[in-house]
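As structure tokens, here come the structures.
Below, chain A partners chain B and then partners chain C, in two separate complexes.
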Partner chain A sequence: MTDNIDARGLSCPQPVLLVLSKMKSLGSGVIDVIVDNQVGRENVSRAARSQGWVVENENQEGDDIRLTLRR
Partner chain B sequence: MWKWMVDFASSIAGLIARPPTIQNQHRRSDRGILVFHHTSEVIRAESLLKEAAFEVAVKGPPPELRTGCDLVIEFPLVSQLKVLSILDNARISPLKIVPMQDLLLEPVSLFHVKDFGDYLMVRAANMKMTVEKRELRIVNVSGGGCPDVPYLAENLVGRTLHEAPPPRSLGHTLCGYALQLAYEELLRRCTG
Partner chain C sequence: MQQQKNFFATQTGIIAVGALIGVLAPLLQKLGNPGNMGICVACFDRDITGAVGMHRADLVQYLRPEILGFVLGSFTAALFSREFRSRGGSAPLARFVLGMTAMIGALVFLGCPWRTLLRLAGGDGNALFGVAGLVVGVWVGTLFFKQGYTLGRSGKEKTGTGLLMPLLILGLLLLRFIYPPVEGQAQSGVLFYSQKGPGAAYAPLAIALGIGLLVGFLAQRSRFCTMGALRDLILFKQVHLFSGFMALLLVAWITNLALGQFHPGFVKQPVAHTESFWNFAGMLVAGLSFALAGGCPGRQLFMSGEGDADAAVFVLGMITGAAFAHNFGLASSPAGIGPHGMAAVVVSLAFCLVIAFSNIRYGDARG
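Here is the complex of A and B:
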């Protein structure tokens, strides 16, 4: 079961805060995050790693980037 | 035109600059503003004056003093001669020295603070730092335009405010400097 977060259109630090909140509620699992800029991608990836999650996949989808986070 | 000027000033820090109130007239008469050409001079001057134990504060300039540098230093006017001597020894020349009581608008605070519930964000100039309130852990660093922002973020995110190295010790760009201000403001707000 994958949880999804659509963080497109949000400015920093909101994408990171959404992801951290989801990580806290799940504890472990898989989260798919969509962001629409490179800064958001870097910030979400960095926050995930700092929480012990792995960025399993990164896919460019048009103007968007989909990150798959797993723990 | 006036509204445009106020909006322009507030864009520096995200805060509205207000005309002086009666209550702060007395304080204003004791303070002056040092205006510099380059941000790097502001950073050096602030360090020197703080080392010399002067009560100084870096702020955003009111519109009438904008010169291209987004920062000015507020200082005690009574110490003007000593302050200028210290700067002169370091070969730093302010473009202007203006008593605050001569200004139509006060310099604006550099800080914009946003509470996200479990998280607190402080933006100083062009940089944002966000911490988780309970543990004071840094969860995000963003902003910029400087090449060292990813390096700064890698060294700070995941650490608590107490564990993290001061951003100024990691980077010497304007972004590192702004992040240092955000870090100090978070420490002030979160730890008293």
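Here is the complex of A and C:
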């Protein structure tokens, strides 16, 4: 099952806080994160890698970017 | 579509940008900017506030080209990288007030986080209390974030809204060309120019503007943020932005040594006072304000150039805070804190706490 996080419109550090909190509660699995700017994409990817998660996919969807994180 | 790699957002990139600022800021001092103030976003915003006559403290009035360059450089970078996005609507009034409290706190200490580092790099021991205040202020901010503090989501705005700040800045730059400083005159057209003091100390226009544009461009690409550096270290134990922060400090120190600008001590430091507790407390209020608003004053300028209307509102709050700081005697001077500096710190802290506590959304940090 995939968990979703909608981080659109949120400023730093909130997207990363949401992602880290989800990672902590899941331990492992798949998380889909939607952000609406490149800074969010970079910050979420960096946070994921630091926790041993892999950024499996990054897709531009209109103005949004969907990141698929897996561990 | 796979995303393109942004070199400046890598660890090497952020270190390079911090190091470059560490060279350019002391160089600007050598070329005429005030001591340990090669670049100070708070002081320079305050000087601009004076230049347009919103305060009449005649020692600190100059339309600083570096600040104008920051916004226009970031705007250019955002267009170039197709990152310009008009957005806003996330608690603008709270951000405006945080801009005011940030500026008032910074002017009690006499510097933004950039200048805090530049003061340290120049040997000013008083800045140690400023750094401590900044760290504690940001740390308090992180406690609120952990409790679910959020100013809510921003939304898309019409393109024209995001263009307002770059246009406003372009207008100020035009005024600088229409009304250049005139030798011996305190006013040129609508602009005020200090005849002595820090406002009368400035690097040549072309160099100051050029460096401002370059730093604005690179800071937009790298997301350089001094508050974020401390926040991410405290909140996530992440050293990415902090490495840029340290690069600025170390390289500025080395550059100062090379240029003969390193003078260690506490007394008679340029544009600084020795009231340690208030240096600490002023920067604590500023640090908390930056944390709650999501960026140091430099970062807010860069974001305003990318079309972020909320960041632009924060900047306008800083300008308003600077006007109050000088009109009401809240700002410090080398003689010490202002007549109402203590009250300013207490009231500003109270406003920060009202904003912080009233924006905690339990169970849903998503706004």
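Methods note: the second predicted complex is superposed on the first by the 71 of 71 C-alpha atoms of A that agree within 3 Å, B and C clash if a C-alpha of one lies under 4 Å from a C-alpha of the other, contacts with A are read in each partner's own complex, and residues count from 1 in each chain.
Quick note on the criterion: a contact is a pair of C-beta atoms (placed from the backbone, for glycine too) under 8 Å apart; a residue touches a chain by one contact, two chains touch by 3 or more.
Note that the structure is a prediction, hence the values are computed from the model and not measured.
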- Task: With both structures superposed, pick whichever of chain B and chain C touches the larger number of chain A residues.
- Result: C
- Message: Looking at A:16 after the superposition, I want to know if it touches chain B, chain C, both of them or none. Which is it: first, second, both, neither?
- Response: both
- Is A:58 in contact with chain B, with chain C, with both, or with neither (first, second, both, neither)? second
- Just chain B (first), just chain C (second), both, or neither: which does A:8 touch? second
- In the overlay, answer first, second, both or neither for which of chain B and chain C A:37 touches. second
- Message: Does any part of chain A touch chain B in one structure and chain C in the other, and if so which residues?
- Response: 12-14, 16-17, 20, 39, 42, 46-47, 50
- Query: What part of chain B is in contact with chain A in the complex they form?
  - Reply: 116, 118-119, 121, 128, 130, 132, 139-143, 150, 153-154, 157-158
- In the complex, go through chain A and note every residue touching chain B. 12-14, 16-17, 20-21, 39, 42-43, 46-47, 49-51
- Which chain C residues qualify as touching chain A in the complex? 1-3, 6, 9, 81, 83, 85, 87, 90, 145-146, 150-151, 153-156, 223, 225, 228, 231-232, 235-236, 238, 240, 294-295, 310, 365-367
- Message: With touch defined as at the start, can you tell me which chain A residues reach chain C in the complex?
- Response: 6-14, 16-18, 20, 36-39, 41-42, 46-47, 50, 58-60, 63, 65
